[in-house]
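Input: structures, listed below.
Look for chain A in each of the two complexes below; its partner is chain B in the first and chain C in the second.
The block that comes next holds the complex of A and B.
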């Protein structure tokens, strides 16, 4: 099963002077259980693309199938298919609205018509998942939390829906390094343990390189690279075109290589990179 | 007289209530005129609360905050203080209000009652300083994140401010936008002598500052030049922070017996150290 996009084109404000084609003839398959990262500069169409997957935006042309169901059809299956997709927007903390944290997280599951007992279980699990203590935080107002904590509550609200496909739009923006590392670890866990299919929109190439199995680079509404991180980050020209950068470690290794240290540059893990530098220094001494 | 003088400043939210929270705890800090200060720290460590004291958006619950000798707690001084200290926040969409770039930049001086000719001059100057003069007739929502953030900076400059406080200005931007904003900040600091207080989670950006302050649980946990602060790799990591990648790689290399100087902060410096 998968999300399948066929020849999708999307034009904002069609028929007005502000008409702008945000997505041009995109075809794409996101396999179940995969981890896909979508990267590109501001305005490249990333967010517009992911909002098509659950019907928030409707394509101007083209088709979208979620697990084989055409989500643009008017059939009841289409609605169910859209419910398989959970979306964490940019600044999810702006979506908080309830008086207590527990009530905010329970809002989605309650709308699914679940039993109270099941709702509470889901709220507890979701809060444990984002590392907020249930007893301490359930009665607190979500508006008295720090930015990072609000982000976690908002994510818990989506996790509590148990989406099969989870879309996260810039989930780590504005989080401190530890908060970022924690959240990414949790997302990786969801992917590995719960078999959730993850689609992550990100500017942060270090996050992308560490986690994703597939990387999509977008530029001017088109997908210009769709490959594994190992291959994708070798497309130096296209990365530049997309207004992106290679991961920091890779950039450092490339600079070392230019200056004559013979290192492998397609390394994404810090420890491996350090070992590679040590080996390269060893090789240099031998010559 | 120091430009910013903070003495024994504490800030307690909801004082006396059940959910009382001490966000700042006895802070002492001075910033000289023309200095570039970076503030780092985890979410909830008090960085933004501190920033909001610098132009009297928040007032100390104890201690004092003085800008050019003026106390932020003195109601008559607040408007003067706000002309000296501008603010740029994380999300430019929250502070751009007009439908045309130049009108947005003109908003501040218009409110001060500055004559029209003078406003025109200031807006042109401010947009030139952030390299956005080409976009003066554009609608802000059609600009990229980095461009919008530069418009926000121009808005502060048009007030002829001496100091700009940046609260994570690059958090929402793509790599190019981040580069644009940081370059603009560096240029304003260097060429226009603007005093900069720069809050960030990107350690590579903090390296550009003259001075770095590390906040933890409402207190200043560490303070010094970027070299003094970032050489404490283990201490920063314990606090939940990181150091620039080059510093971390150098640290790990040293642990494995490769001689690399402790002062490495940038890729360039590390490359020089390893490839002489």
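The block that comes next holds the complex of A and C.
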């Protein structure tokens, strides 16, 4: 079971002088229960790509299968398959509209046609998940909240749909460091405990390094690297080419190596990185 | 797709028409419109039609695209044609029910429709070859003399510029909100009318909120940069009349004299 994309091409405003090909012949597979990060500079096509997965954009050419169902077909299964995918947009707090927080989170589940009891249960769970107290916040207006809280409400609105695949487009943009760490922890939890397949679009390589099992680098509408972080982060040249930087830890290790400290520069996780530096310094002292 | 709409239908290019000063284009368009109404003989219409065709050719804009601008007014043109065809007194050629079709009516109908088509084509040529910003600049400049009698020309032009500037932004925003709500399972295209209207609420509320937020931010940003209206304000790109504009005026003048001569000589 997976999301499978075959030879997908997407062109904006076809047939006008503003025509622009955003995605060129892309093929990829996103496995169930995986955590994929898609990185690339602004305009590299990453947001356009993820919007194809649940049919918000229709490819100019190519096919998309969600759990083996062609979502571009007109069959009722296609609609059901699209419902398996939840999508959190950039700045999701801009989509809030209801009078109360609970009503806004219930909007998605209600559209699914669920029973009232089930809806209330899902709203409770979703609010608990994003750490908003149900009793305190359910009757409040979402517009009285702070930016970070509004984002949590918006994310809860998508979590309440219980998606099998969750797409997050720059979920941490514009959050303070604490809010960012919090949100990423929650996403990781969702992936590990609920077995949700997560696809995260980001250009923050530190976030990517911390969480992803698979990394996709995009440049000019093409996938230039698609591999595990261990392999992907070694492609320093390609990373630079696509307008990104390697994770800060890797940059530090590389600098240390230049300065003559014998460290392994392929480490990208913070904990192992710290150990490695301590070890390397220890080795140097022994000599 | 919502974002595929082109606003102000500006078609970038480097043709003679693109390079003319926007004021020249507005003034000449104005005179051509008067010409189309006054000079109404067969020969002048043929000349004007050929002239418009030549302009479209020189503008480098695909002919099909220009013709598309007639599309929304197609029914009005057809309707006026039929009215004239049936209601002009003269020698009847055929009779359908209570309407009698006359040769004079046919002639009149063709003239009127041609007049409308030429009007639309010429004015859309203006918007095809001039960016919306250049257009508002030119309007402000042309309205300059009216400032003396208290017309807030600069403010009007600024309002137009801001409105035009934010049309694509708001469309993008609408598109994004629609997608976000669609991803949460809302359906805009099926159900009864009441249901469909209700499904607009999740789009309109966030859209209004963001429009007000943007307006607020823009006002703040303008104030922070000491904006206080048009008095004493200079611009980065001043409109300038070039040789090409004088040539255009001269050509239009000669063309106008020629047409008037045709009309007076009664051909």
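What we mean here is this: the second predicted complex is superposed on the first by the 286 of 287 C-alpha atoms of A that agree within 3 Å, B and C clash if a C-alpha of one lies under 4 Å from a C-alpha of the other, contacts with A are read in each partner's own complex, and residues count from 1 in each chain.
The criterion applied here is as follows: a contact is a pair of C-beta atoms (placed from the backbone, for glycine too) under 8 Å apart; a residue touches a chain by one contact, two chains touch by 3 or more.
This structure is a prediction, so every number in the text was calculated from the model and none was measured.
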Exercise. Fit or clash for chain B plus chain C once both are placed on chain A?
Worked result: clash
Problem set entry | Of chain B and chain C, the chain that contacts the larger number of chain A residues | B
For this session: Go through the superposed model and pick first if A:11 touches only chain B, second if only chain C, both, or neither.
Result: neither
Exercise. Which of the two partners, first being chain B and second being chain C, lies in contact with A:111: first, second, both, or neither?
Worked result: second
For this session: In the overlay, answer first, second, both or neither for which of chain B and chain C A:249 touches.
Result: first
Exercise. A:63 contacts which: chain B (first), chain C (second), both, neither?
Worked result: neither
For this session: Go through the superposed model and pick first if A:158 touches only chain B, second if only chain C, both, or neither.
Result: second
For this session: Quick one: classify A:42 as touching chain B (first), chain C (second), both or neither.
Result: first
Exercise. Where does A:266 make contact in the superposed view: on chain B (first), on chain C (second), on both, or on neither?
Worked result: neither
Exercise. Given the complex with chain A, which residues does chain B contribute to the contact?
Worked result: 13, 19, 21, 41-45, 48, 90-91, 144-146, 168, 171-177, 201, 203-204, 240-242, 245-246, 248-249, 252-253, 256, 258, 267-268, 270-271, 274-275
Exercise. For chain C, which residues are in contact with chain A within the complex?
Worked result: 1, 3-4, 6, 11-12, 173, 176-177, 179-187, 201-203, 205-206, 209-210
Exercise. What part of chain A is in contact with chain C in the complex they form?
Worked result: 12-13, 16-18, 51, 54, 56-57, 83, 85-87, 89, 92, 94-97, 107-108, 111-112, 143, 157-158, 161
Seminar exercise, completed: The residues of chain A that touch chain B in their complex are 40-43, 90-91, 140, 144, 146-149, 170, 173-180, 203, 205, 243-245, 248-249, 251-252, 255-256, 259-261, 270-271, 273-274, 277-278, 281
